[in-house]
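Right, I'll just put the structure down here and ask away after.
Just so it is clear, A, B, C and D label the chains in written order, and each chain counts residues from 1 on its own.
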Amino acid sequence: MTLLSVQNLHAYYRTEAYGISRTVRAVDGVSFDLFPNEIYGVAGESSCGKTTLIKVISGSIKHPLKAFEGSVNYNFGDYKVDMLQISQSELRRNVRWKRISYVMQGSMSVLNPVRKVIKTFEDIVDTHEHITDKNEFLQRTRTHVNRLGLPTDVLNAYPHQLSGGMRQRVAIALATVFQPALIIADEPTTALDVVVQRGVLHMIKDIQAKSNNTVLLVTHDMAVHANVADRVMIMYAGRIAEEAPTESIFNAPLHPYTQHLINSLPVIGEKSTKASLKGSPPNLADPPSGCRFHPRCPYVMDECRTVAPDLISVKERHRVACHLVKEGSQ
Amino acid sequence: MLKVLRDLLRYDGRFRLAIILLGGVVAMVLLSYDSPYDPGKSFVVPWDLPPSREHLFGTTSRGQDLFWWLTFAVRNSLYLGIVTAIISRVISVLVGLTAGYRGGWIDRVLMAISDTFVVLPLLPILILLSFLLRDSMNLLNLAIILGLFGWSFDARLIRSQVLSLRERSFTRTAIYSGTSGFWITINEHLPFVLPIVFATTLNNILWSIGMEVTLSVLGLSDLTTPTLGTALFWANQHGALVAGVWWWITAPAVVTAILFLGLYLLFTSINEFIDPRTRLRLIGG
Amino acid sequence: MSANEKLLDVQHVTVEFHIGGLLAGTLLTAVNDVSFSLESDKPEIFTLAGESGSGKTTLSRLLLRDLEPTRGKVLFEGRDVSTIRKRAEFIEFMKQVQPVFQNPFDTFSPLRRVDAYLFDTVKNFRMASNRRDAARVVDNALRNVGLSLDEVKQRYPHELSGGQIQRVSVARALISEPKLILADEPVSMVDASLRMEIVNLFKKLRDEQGVSVLYITHDLATAYYISDRIGIMLRGYVVESGPVEDVLERPAHPYTQLLKESVPEPAPEKRESWAKHIELGTTEVKEYGRIGCKFAGRCPQVMDICREADPPDIQVGRQTVKCYLYAEHVETPQAGAQP
Amino acid sequence: MRKFILRYLIPRIIQYLTLIFVGITVTYVIPRLAPTDPVEAQVSMMIARGNTLDPQSVESMRAALTDLYGLSGNPVEQYFAFWGRLFRGDLGPSLNNFPTPVSKMIGQALPYTLRLLIPAVVISFIFGNLFGALSSYYPANRALNVLEVLGQVVRSIPYYIVAIVLLVVFSYFIPIFPFSGAYPIGTRPDWSSIDFILTYLEHAALPAATLILVGFGGWFVGMKSLTSNIISEDYVVYAETAGLSKNRILVQYIMRTAILPQFTALAMVLGTVFSGALIMEVVFGYPGIGSLAIRAIYNNDYSMIMGITIYSIIGVATAVFIMDLLYPLFDPRVRYQ
């Protein structure tokens, strides 16, 4: 059974101002599935389309972003829905937070600065299941927060009184009040120190292991994926370059871009020279022809400049989009 | 520059309206140089005539053609506004840039002074001042006084902008490129401050013309100079409304409103255009 | 310059900040009795590593003369930098010490062309006598970082990628032919695929141009990759320092050990040790205010003495460690105590 | 609490005292910088009015006026004497209504001004902010767009013109409101009579409308630009993602933060609003401080103008100070620093 099936998704930003119109092809033909009970990692550099992808699958499409093609189908078992067709009210009633919750990029600032933390819990819980018994709600929230290893005092604090790591953990606690089937975590630890990052990621892993739900973890940090994700998708310039179980991605990467991402990471205890790719990430308003990676690829061939490679399955659960790799070749 | 104007004309309704309104005002200013009547003389035309083809805005109880008289009024009021704006811009830019870049006690002293000017109720003070200077209160002196009082809020704006610019890395890059404080202010900070200066200039012109109207209505300016304010003063003096000469009040009020609306619309549309954030949002760059 | 004169000599530097108003408020010691030095005859890359709030950025501002130390001295080529008052002296100092900043998109004003900064630098440090000469100097500096004047001429920052701007930033720093470059998190905001070319650039500068680099970062992996020596900072103290191989391969201080094992490695097979449960710190202010070792609240090997007084600097092998665990080594302090 | 006093309260008290000190000093200095000698001006005006005076009584009047204006002694002595009289609340007698003290006349006029000003400020603040926030949260709503245009237009036009337009339209062309005054000439104020209160309100309608309209425009535009920034803040986007209702987001997440700078702005514009109220009173012949001022101008009542200036400065400074003191009640970030 799949929890989420994204098929051939094209989502562009189209803006028009003072006579100049621009189309940024942020997500350009992406297909993948999410299964229950897994941590799925999405990796890529800035402006590779990963944030846009999240916006679309969480139903947060707002002008100037628009989905032009494709489908985003959820199957929550008791409830099935197409995210591109759903109405705002239904989204709010049946999906948001109860089934899909969200840990945002820069989560440090997701808490209302002029209200106590408990009030944010109250707002969210009251929105989705009316609070009738205030004491019961308080009791439940305290238990929830304690179970996640946070002290109860945080509930009575204002956000500016908490440290960055604590705020991030409060954000995770908020995202899990209803035991959602899918938690989308967008760069949840980017601004945090390594020790705090480790603690926060442990918390996410623990929650997932206990409630067997699905976590979609987006981060540019490959080392985090290596330690947290079950499967990883590598995005480049709005398309999927490669997708495979974590072990395969790190031990046998097939796409030259993936190989570069992994091999260029410095590691303590190893001093061999690491190199950068030539060139810069492409401008998605005017992407390169053929394979979008070809201007930077060390193995570029003529075919790459004109024909965009399809995303093909090379073996069980391992897909890659590169002309060097042929179907079933491994 | 021309392209900017064309873009604004084509895509911004407010800008188009502003150009039409201000075009009318400018036309009046130009016409004043070819006026058939001397605004200083009274009883040159029959008095209390309602608006007609011959006397576009009617005539006053003092026997003046209101339209031609107002052409001078608009010219003088604009002159006042521009002189005031120039004086107060110079002060606010100097104070704002200095306080922001130098910081420390200089900043604290300058800001304490400008805060005081922001909060003080200006009108009573201006009344006191104009009352005492009534005899020497010509247009230029009024402009200077208003300029001396009208800089504080904008100095504050500029200073807070510079304060944040000072913390930006490029200021430190410039320092370590060996650039002196003066050139850092000119090259690195002034370009960010200019949009504020420009926007506040229009705002300040509005403010000073409004202040002139207020003081004139109270009889505290040079009443022999035709301005939008003195027009209303003389109308009040002759009890224009009670006497049924409604056009004497209405015409200057409408011209003032048009001038204000025009400048204000110009201010908002240009302000939005030069604000890099809105621009980025619109062009998606 | 005498033979034993250091390029940079930081001597027992302490920086205290008042937080709060004029009358009340607390004293925050951002940098606490820190000493280290760089040799003038042997160019090297020295890393100061630590988490946010460890004092590493305060230290870099101090070395760039944005701040003055509350106590202690910073000597550059034997001269106390806080005695630099005249502009001409400051220009001389800046010719020798140049910074590279963290955020490439903020290093140059978005409203100015980037080459303007390069030409300004040439002019202000009198590195060329005429316009054509200046262009040659600028082009040379850019070629050192793998760019050329033609590539950046008349370009605004937004027309270049983060990696390119950061290279221009290094080029600008090189124009005055400095002896020391201070790089504060120079790659943390650069995309992964472009990061290593900048890191490699610092190596090249050390090897080919004899420039010493003070690399300030929270990223232990790149620190290990490029530096010769490293100092680990925690709440204002340098808790451990020494050759980077020793400190990061065999960390002695419990904090360095925790830091090192918290760095995730791009190797899924090593998940187990990373996933081991850890204690997170209390709030920052509480750790700043702690008497004794700042790590005592989280240290798995904490002893009573740790909460009473600051631990001394102890030589353990080639490392210097601020920790009571190695207190038996102190007995012969002069003898450089090899265990 | 101690921290609060030291870090918040004391700086504000210092600011308050500075403001009064600077304001009063300015009003002290201005007459002394003026090229005209107020005493001479007064004397020559008396003579010009046709009073034939022998040189001796002119001299004694000169001495009396010099004393009255606090012009005896050297400037430093004068300055201290000036403060001394201020502390006693003695601003001298009105020259026009001799010997009624200036303070008493201001005391009689002030309630008229405040009874208009305070409700008008409160009403325009509440509605301007409310509709400003609504209009940026519901950008497609037609009625709100119309309100915005109205707000933008009115905001840019001076009080005087707005007042004149209202007067011409609603008293002259469509005579539904009285022309001037706070109640019909010849009536005695009787607050127990419903009829009196009704006619009082009828007279107050246009003056209040002037203040409310201009204020509404200002708050509307200010709130709109504030909220349009807050709408893209992380915590608002987060609340939307979490599915909170639009009303809850608007009130608890957007307005609650956006209103804080508006409170600060309210303190900043009090002086301007007060000035606006004065000029509005002149247009409508409303018997408050503004009318007092214009009568003083016409009658060359120097001590009255001085008194009004000083009271205005103290009044506005005190109002700003009180608002500053109340601010921490609304902003927890200030309360728990």
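The rule we apply is simple: contacts are C-beta pairs under 8 Å (C-beta built on N, C-alpha and C of every residue); 3 or more make two chains touch, one makes a residue touch a chain.
Worth saying up front: this structure is predicted, and the values here are computed from it rather than measured.
Visitor: In the chain contact graph, what is the shortest path length, in steps, from chain B to chain C?
Guide: Minimum step count, chain B to chain C: 1.
Visitor: Please state whether B-D or A-D has more C-beta contact pairs across its interface.
Guide: Result: the pair with more contacts is B-D.
Visitor: As a quick test, compute the distance in whole Å between the mean CA positions of chain B and chain D.
Guide: Roughly 22 Å, centre to centre.
Visitor: Per the centroid of Cα atoms for each chain, what is the distance between chain C and chain D, given in Å?
Guide: A distance of 56 Å separates the two centres.
Visitor: How far is the middle of chain A from the middle of chain B, if each middle is the mean of its Cα atoms, in Å?
Guide: Here the centre of chain B sits 52 Å away from the centre of chain A.
Visitor: For chain C, jot down the residues that touch at least 2 other chains.
Guide: In chain C, nothing touches at least two other chains.
Visitor: Do you know which chain B residues sit against two or more other chains?
Guide: 285
Visitor: Using the touch rule from the top, collect the residues of chain A that touch chain C in their complex.
Guide: Checking each residue of chain A against chain C gives 45-46, 162-166, 193-199, 202, 205, 220-224, 226-227, 246-247, 250-251, 257, 260-262, 264-269, 271, 273-277, 280-281, 296.
Visitor: Which stretch or stretches of chain B touch chain D in the complex?
Guide: Those in contact with chain D are residues 112-113, 115-116, 118-125, 127-129, 131-133, 135-136, 153, 206, 209-211, 213-214, 217-220, 232, 241, 246, 249-250, 253, 256-257, 260-261, 263-264, 268.
Visitor: Show which residues of chain D lie in contact with chain A when the two form their complex.
Guide: 233-235, 237-245, 248, 252-253, 256-257, 260, 331-333, 336
Visitor: Could you pull out which chain C residues touch chain B in their complex?
Guide: 64, 66, 87, 91, 94-95, 98-99, 101-103, 106-112, 116-117, 120-121, 124-125, 158, 169, 172-173, 176
Visitor: In the complex, go through chain D and note every residue touching chain B.
Guide: Against chain B, the touching part of chain D is residues 15, 18-19, 22-23, 26-27, 30-31, 34-36, 38, 152-153, 155-161, 164-165, 167-168, 172-173, 267-268, 270-272, 274-275, 278-279, 282-283, 293-294, 297-298, 302, 305-306, 308-309, 312-313, 315-317, 320.
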